[in-house]
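Take a look at the structures below.
Two complexes follow with subunit A in common, the first pairing it with subunit B and the second with subunit C.
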Partner chain A sequence: MTLEIIVMVKQVPDKQEVVIDPVTMNLNRSLTRNVTNSADENALEAALRIKDKTGANVTVVSMGPPQAETTMIECLARGADRAILASDRFFGGADTYPTGLTIAATISKIGKFDIIFAGEESSDSSTGHVGPGVAEFLDIDQITYASNVEYEDGHVIADRELEGGTEIVKVPLPVLVTVLLNSNTPRMQTLRRKIDATRKGIEMWDHDKIGLQPEWVGVRGSPTIVRKMNPIREKERAAKKIEVRNIKELVDELYEKNILKLEEE
Partner chain B sequence: MAGIKFATPAAKPDEYRNVFVFLETREDKLIKPALEMIGVGKKIADKVGEKLYCVLLGKDIKKEADEAASYGCDVILGAESPDLGTYRTLPYSRIISDFVKEEKPNIFLIPATRNGRDLASRIAVSCEAGVTADCTELDIEQDTRILSANRPTYGESMLAEILCKKHRPQMATARPGIFPVPEKVKSPKGEIRIKKANIDPSLLKKEVLEFRKKNTVDLTDSKVVVSGGMGLGKPEGFGILKELAGEIGGVVGSSRPAVDMGWITRDHQVGQTGQTVRPRLYIAAGISGKIQHIMGMKNSETILSINTDPGAEILKYSDYVINADLYEAIPALINSIREKKKSPAAAAKK
Partner chain C sequence: MSEFDAIVVGAGPAGASAAIRLASSKKNVLLVEKSDPPGSKNVSGGVLWGNGLSAIIPDWEKSAPVERFVDTKSVAFLTQDSKIGIDFSSKKLEQKKTGYTVLRARLDQWLARKAKEAGAMVINGITVEKLHIENGKVTGIEQDGDVITSDTVILCEGANPRVAINSGLRKPLTDHDVAIGVKEVIKLPENTINERFHLKSGAGFACEYVLGYLKGGVEAGGFLYTNKDSISVGIVVSMSHLRKNDATHTYDMIEEFTAHPYIAPLLQGGEMQEYSAHMVQEGGFSSIPKLYGNGYMIAGDSAGFSFSNGLVLQGMNYAIDSGIAAADTFAAAYDKKNFTENALKSYQDRLEGSYVMKDMRSFKGIGDVTWSPFVHKKIPAMLESLMMGLFMEEGRPKKHMTRMLLDALSQNDMLRVSSLMDAYRMMRRM
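Coming up: the complex of A and B.
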């Protein structure tokens, strides 16, 4: 039996080039280059390593606008076997709930899955909530913040990097795994595969094909809304200049104002 | 596809009352981000005259429940089982989702730790709730009881205010190190309700084979943090920072590249991918002030920077600036502090 692996990927604005429209306070997408979310490249690499060992089938899935096709082609050129982009004008403006719903429904529609990989979070919204949401919709277990992901005899064994240390877990299939940024070195695309992928193209699925009602998804299916965007105003600080020869006065002032306290040392 | 369901708005938001917080534990103690949730949860509950419920799971949680009560929780909702000793996604999310469905809280706050994030959106999907991730400001509108959940976005340049109008509970995960730990209350009177949990074996298939504990310094507990960056020029530079920190009861922090260079261990790192600190005094020596570092220290009460570059970005985040070589400035600082401590005023205080 061939293992079926799904990798969730997202196209995001390039961090280096984020341009905010000063009037609307929104991201100016026309001025921003799009790239594949970095942690998703690590997720794909984790999947491809299992493919190298077991001959698994790797399908990449994304929800996004049609231009996300470039990300899908990139994934095929690195070694994925199939690419499905859930794309529909009804999907726009989704928060994490309908995003998880749309991806989970797409995966259900594909049919069989053994391991689902995702990046730990996307660099543009940084929630880390979509992966676990998909796992809940599909009613399967999950391993988040994973590095060193191994497949062994019907199980995934991985390290979870937590605040206080590393937890090593073992979970039977099916399971969803979110992979840490920089936890492996993603392989390069090959020219041969790139040409094949471009020629073959990717599959685009709309809400109808996936079996979702328009009011379940996108902005209409989102429990949360953004009310406002405000520039973050930092506290004004005096930047009072102190010469090295006047450090004694600075120290006196710090103790005077209780910024340093004698009883503490 | 049994689990595929869209988010149905709550039929009667008025039926949802009170504030839930999830109390994460580590080695039988409430972790600091959990205490921070009690603080902000209590403020929100008080503002609309509702109760603060603390959700607590574990093998034996009497001690933690008392601790939660000592910080002013009104109700501690607990579930105990030998199978709940270590956090695992499925049993935790199932039990907590059941608590939510029974008690119908208006708001549910979870610390945005790794396990907190692992848990939050599972509960949100299971309960068809809205959730806002990684909030740094939380408030409630008194008349509507709608949660104002604010999170930084676009590389921390903007704050997005996010509302969840029709779905309940209104959930949020909150960034650790932002909300203050509350004071203990004088006479705790929280009601402790702990039940024995019966867990379906199908939820217990994940095995935690091992936990490799890291020895870590908690920078967030210290009133003074003395951090160094690439301006130290060499690993030994951390020696004089340690000396300075020792004189003023502080701990040593660092920028990320100093960690990447192997000059100091990762647990000392301050910033976006390190710890968030808000001490009474933050000293930044040889740190340029890039946004990823600033994110981790900008809420410090007082900031003193030492930098040879008069145009360094750190200046605009500084209350005091010593524009000099740190190898000159820091020994001078140490000397003056030692002198100060020898003074008669100091002797009188001791």
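Coming up: the complex of A and C.
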């Protein structure tokens, strides 16, 4: 039996170019370049390494607008076999709950799955919710923050980095694994693979095809309400030269300037 | 049987134009671009002169991401304290819309999208390593050990034609062939730009400067173009001049330019959005390589098609037209299923018949003039003396104007035979 691996990926704005719209306080996505979420590239690489050893079938799944196609093609060009983009205007404005639901429903619709990979979190919202959420929706086990993921005889073995040590876990299939950022080196895309990926193309699934009601997904299915956004104002930082003769003078000076404060205050 | 009819390397104006033309005539074409998205490694920016795109995208100005049409074109000489310039503002420029300021990051992306819509396969983020050559014939490209085959490869790599050089189709670049362009994009509100430059909504200002005052006496040109809500400003300095002046740095030079008393107020209050630098083709006619051979053609900057006579900097127009000429040559060769050097020879003929090669020929050797100390030192200083003579009112009787001109010329050492020779040479080449 061929192992069926699903990799969840997300297209995110390039974090080096992120601009916050001063009026709406949202990310201005129109100005930024879109890239594949870095941790998802590590997730895909973990999947492809298992594919290299076992001949597994790798399907990438994403939810996003049609322009996420470039990310999907990139995943195919790195070695995935199939790419499905859940794309529908009803999916817009989703928080992590309906996003997890949409991805889980898409995976169910695909049918068989043995291992689901996701990045530990996305660089644009950093919640780390969606991977574990999908595991819950599908009611399967999960390994979070994993590295060195191996497949062995019906089980996944992975390292989990903990404070003060590493936990090595072995979990039977089916299992969802969220992969640590930078835990491996994603393989390059080559021209040959990119051409083949472009020819192969991706599948776009809407809510109907996946079998979701419009009111379950997107902004309507989202329990989060953003009441207000506060921008972080950059503090004025001024470097000043303070002439002191000893430590006491330095402490006094800093205390006077309100840089050092006493505990009880 | 080749995998593609044609492969185009580089998705700038030349490559995208070639790909659009080829795909529009149902050719199976691959357009490969190293930057992702296209245009993100580009610095030019730029005035797109002419209407070459209309041949492949009718009404292109309506949908292309152009910034402003140029209705004021200027040329100015800057000295330490002065600016002496000619402004040409004209209703005629507005009606003809002969030039548009553009930001290449946007334009190139749009062109690549048009190529895709026309049916070309567009692949970004891949750097082609070299041409695949079998028995003296180019039969495809190589990347990461793979060979992608095609009947013909059209090289449109831009100012730094690595593939053409690596494959021995072009001599390595020398200091004489290239200049360095350094550019800043300064963000300013649209209205502020309109007020500062006296522009109507949608109209733009483009100016090239002769910088006659830089430290160390380096010869450099400056440019300033208004975009919708930003200004592109920068310098171009020839590589050989930079080489001779080891202590000068391009970042000092652009600062000297933007701090000039008549440039700084134009940029005041703006926020720097981008800072970039790139090679600029400068070699002119003598640097044009052999443009075609068995299974390949070279177009755009890669072919040395760029032009500067000190009054105007052009390149994108030549790129577009040479890209189209290469595509049309391919189409003719395709009908006969013959892609040999002989079959592609008509590329040269097409270019010779168009303004592309005619311009390159008529302005042969212009680089020696535009980069000469005569243009960069003597003319600005002489003009300054002349203007001071004309407009300074010191309560003394005025001299005759001819006398004033002669005085200004002699003060700046321009009545010598060598200077007259320089002037003659300049007139001839311009």
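Operating definition for what follows: the second predicted complex is superposed on the first by the 236 of 265 C-alpha atoms of A that agree within 3 Å, B and C clash if a C-alpha of one lies under 4 Å from a C-alpha of the other, contacts with A are read in each partner's own complex, and residues count from 1 in each chain.
One rule holds in what follows: a contact is a pair of C-beta atoms (placed from the backbone, for glycine too) under 8 Å apart; a residue touches a chain by one contact, two chains touch by 3 or more.
Nothing here was measured: the structure is a model prediction, and the numbers come from that model.
Undergrad: Looking only at subunit A, is it subunit B or subunit C that touches more of its residues?
TA: Partner with more touched residues of subunit A: B.
Undergrad: Would you sort A:Glu163 into first (subunit B), second (subunit C), both or neither based on which partner it touches?
TA: The first partner, subunit B, only.
Undergrad: Taking the superposition on A as described, I'd like to know which of subunit B and subunit C A:Glu152 touches: first, second, both or neither.
TA: neither
Undergrad: If you stack the two complexes on chain A, which partner ends up touching A:Ile195: first (subunit B), second (subunit C), both, or neither?
TA: Once the two structures are laid over each other on A, A:Ile195 reaches subunit C alone.
Undergrad: Looking at the overlay, what does A:Ala104 touch: subunit B (first), subunit C (second), both, or neither?
TA: So A:Ala104 only meets subunit B here.
Undergrad: Report for A:Arg33: first if it touches subunit B alone, second if subunit C alone, otherwise both or neither.
TA: Once the two structures are laid over each other on A, A:Arg33 reaches subunit C alone.
Undergrad: Just to be sure I follow: which residues of subunit A are touched by subunit B in one complex and then by subunit C in the other one?
TA: none
Undergrad: Report the residues of subunit C in contact with subunit A in the complex, numbered from low to high.
TA: 3, 30, 32, 37, 40, 121, 123, 125-126, 128, 141, 143-144, 146, 148
Undergrad: Going by the contact rule at the top, pick out the subunit A residues touching subunit B in the complex.
TA: Residues 15, 18, 20, 25, 27, 95-98, 100-101, 104-105, 108, 125-130, 132-133, 135-139, 141-145, 157, 160-172, 212-213, 215-217, 221-232, 234-235, 237-244, 247-248, 250-252, 254-255, 259-265.
Undergrad: Give the list of subunit A residues in touch with subunit C in this complex.
TA: 33, 188-192, 194-195, 198-199
Undergrad: Would you pull the subunit B residues touching subunit A in the complex into a rising list?
TA: 1-7, 9, 26, 86, 89-90, 93, 113-115, 117-122, 124-126, 128-134, 148-149, 152-167, 205-214, 216, 223-224, 247-249, 280-281, 298, 301-303, 315-324, 328-329, 332-333, 336-337, 339-341, 345-346, 349-350
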